[in-house]
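Naming follows writing order (A, B and C), and every chain is counted from residue 1.
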Amino acid sequence: MSSCQTCKDPSKVLQSIMSIDVLSVTKRQEGFQFVNEVESESDSDVEMTNNDEKPESNTIANDGTIVTPGELVTDDPVWMRGHGTYFLENQTYASVAGTVSRVNRLLSVIPLRGRYTPETGDHVIGRIAEVGNRRWKVDIGAKQHAVLMLGSVNLPGGVLRRKSESDELQMRSFLKEGDLLNAEVQSLFQDGSASLHTRSLKYGKLRNGTFLQVPSPLVVRSKKHTHNLPGNVTVILGVNGFVWLRKTSEIDTANNTSSVAGRNAAALSGASGEYKPGSNSVSITRLEEESSWEIYSDKNDPISESMKRTITRYSNVIKALAHCEIGLTEARVVAAYEASMTFSHVGSLIERENMESIGQDVINAEKMRGNS
Amino acid sequence: MVMSLTEKRYLQESLLSKPPVRPDGRNAEQFRPIEIFTDFLPTSNGSSKIVASDGTECVVSVKCKVVDHAIEKDLIVVDVDIAGRRDDSPLVQEISSILNRVLLLQTDQEQLRLTKKYSFKLYIDVLVLSSYSHPLTLISFAIYSALNCTQLPTLISSKDDLDVAELPTFHDYDMTELNIAVPIMFTLAICGQNVIVDPASSESDVASNGILVTWYNDKVAAPVRTIGLNEEYTRGINPQSLADSIQLIEALAPKVLGALDS
Amino acid sequence: MNITDRRRILGPANAKPLVFDKSMGPAQRGESEEVSSETGNDAMYIENGIVGNSNGSSYLEVKSRINDKNCTLLLTSVYGPRPSRGAFNAKATLSVQFREVTLEKIPAGQLREVCTFLTNIFNAVVNLERYPKSGIDIFLSLIHSSSGPQDYELESIITTCVNGITLAFVDAGIEILDTVSAGMYKKNITAFMKNGTEVVGFWKDDDDNSASEGIMDIVEKCKEHYLQNRKTMIEYMIRSSKSSN
């Protein structure tokens, strides 16, 4: 997945004029590109694994092998067939283009492209699509809208409060159409749609920043999806490919230190800074304090212009990484950010060449580290 | 795309600061990179395809027909089709009406005269495959590149056919390049005191107003007008912004044409 | 008691036969607004509240100061704010429909352009936040338009539309931020608010006449016309509110 799509055959590009800072036009003579023309060296490793050596009988495609629809994955009927496969005459075939995944006896193919499929525990970012009866419909880029029940959010006035009828009536004052929030997938319904919850301080309405979207397979599932980056910027890489960049808040810093220093430190670095012996769970007291109307505010904190430029730069480098099909991790985003510093003008990062050079830099840096 | 209130406020504030901080870091006078493919439709006289970096894609094909210009006065017809929108939707009707009028009013129809009786009539078909922001700038760039690579059949019969009752005849394979000055149009967004070119969809959503400026024959031409980019944030603008936008286009248009012609 | 006769087309329940008022005629005109053209202003006749079933309406007759063959008769009616269906909307949505009721001379595409132009102007002018979940519809009926050499002059029609819509909004009692009016200079129209310090709409067409002039000069010239138009409109509004008291 970390292959950088390199430049097209130079002969096809007649001229690539950079008219200074106004409009860059790439001219090509033909309108249609054919696969064999744009083939780059990185495509060849696909052929290596598949075309030459056909999977022998009784063997299965290894974990991580790339397969295409209709390709035989295994003819061993003992395997359980998961998503992205189908079974025909005792043989299992792939039904999507992607990588083979083996978990115990379950064999499935994870598509390289396609909509996000929610899984329980995923940290996602969503946008409210509809306010309904005791629930919000949230667009998380999946097949169906996810559901966020009124009962699965923290409401002003503390965590242990009962949801009253007045809450039902003023749902739109908490979250309305278009609002962005980050949440966790709580459970999945029969049809594969997700139910979300925001019952933690790290989830909730998003403020102080900007949104961008990348293909969801590029976000690598990890333990942590909120990262504090250099330059006082925090990024939330939603598993569904929705990305939020914002000014680092106090809570972000607090969360970061707590994850490093462990539970005791977390208790001491609580918002109030006081340790109450009576309450054995610190997070609940903090929740109560911070679950004021503040958490549903539509106002941004004052953000300096230089901060906005930093956020913009991060946004552009993440787009560049996505353009080069590089999986997004904290380390790579930081590396790309550093690589982008050679371009003093943030706006020059939207040029294709510059995006590709950043992608190349990140890959090279990673290779170097791998070798040493 | 709907944006949340906080996103809009963040964006609006960024665009109001001087100089504006655009969401992709561009300068106020910087366009998004585009890719142009020309002359790729074998069955039309001229064609172009433009792909913008945000995925907006526009295909233009130019075809010609010989007509009696005493009967058909309008020698250029533009047909606009925007994927996902009905032909009678306001945006499609408005864009096609503007393009038709601009091309008819501004271009020199003498260039299409074939003989004393007959002329070429150009049929320009515009297809917007996907659009994320106001597509007029891109369409006009595409029309410009398509018309500039249009090849028309070479006439071999006499130019003076008033007394002769014969149809014009053409060379079997020789083509003549169409030489015609084509207007281009720019959409600008006004955010407070700032004027930005080529607004992306998110920028359009928070702009105070939009301005359409036409450029023809090395000067700003008609129509120039305010256009709505959104319903929510539209408001009055300082008259100075009008002058600023025209100045901006006067400075930029030659560079843009240079980039398109190269 | 909800039985309606669906077979016949019946008029409304409170329909009355058409009776012509004998006293109607040019004699009545004197008491309304008719500004003479001697001062170099447009001659403008205004009357509000003609369309009974609308929430607000205005009727305008404008005779140009420059070309006395140029005459525009326009009836504007405003319906709303009325509840809109579908998705939740925090602000009212505005729609403008333009119709030529007598002779159809203007191409449909151009009418579309005019409608979007007018919608854009009034999106900036109407206090739409005050009317959530509702829609405001504006219907413009062009009764007559002549312009000497051409069949019609779009520019003077648009100018009249802007003025007519403002008057109809005032009649309907819909909140607007300012008495918006438009001024025309050659083929350029500028719609202003806030005493000419803010432009809400600018339209420039066919620039043979004013090609050499700078845009600021054009705006300045439009502003003069705007100030005249606005004065006439405000005078009318004050007079009509006095007479109704």
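Assume a contact is a pair of C-beta atoms (placed from the backbone, for glycine too) under 8 Å apart; a residue touches a chain by one contact, two chains touch by 3 or more.
Not measured: the values here are computed from a predicted model.
Comparing the centres of all chains, each the average of its CA atoms, the largest separation from chain C belongs to A. By number of C-beta pairs in contact, the leading pair of chains is A-B.
Distance from the chain A centre to the chain C centre is 51 Å, each centre being the mean of its Cα atoms.
With centres set at the average Cα position, the gap from chain B to chain C is 31 Å.
Taking each chain's centre as the mean of its C-alpha atoms, chain A lies 37 Å from chain B.
For chain B, residues touching at least two other chains: there are none.
Within chain A, residues 176-177 each touch two or more of the remaining chains. The touching residues of chain A, counted against chain B in their complex, run 15, 17, 19-32, 127, 176-180, 205-211, 298-300, 303, 305, 308-309, 312-313, 315-316, 319, 345-347, 349-352.
Listed in rising order, the residues of chain A touching chain C in the complex are 131, 172, 176-177. Across the complex, chain A is touched by residues 2-7, 9-11, 13-14, 17, 21-27, 29-41, 47, 49, 53, 59, 252, 255-256, 258-260, 262 of chain B. Contact residues on chain C toward chain B in their complex (touch as defined above): 91, 93-94, 107-110, 112-113, 115-117, 119-121, 123-125, 128, 187, 190, 192-194, 197-207, 211, 214-216, 219.
By the touch rule above, chain B contacts chain C in their complex via residues 90, 93-94, 96-98, 100-101, 105, 209, 211, 219, 221-228, 231-232, 234-243, 246.
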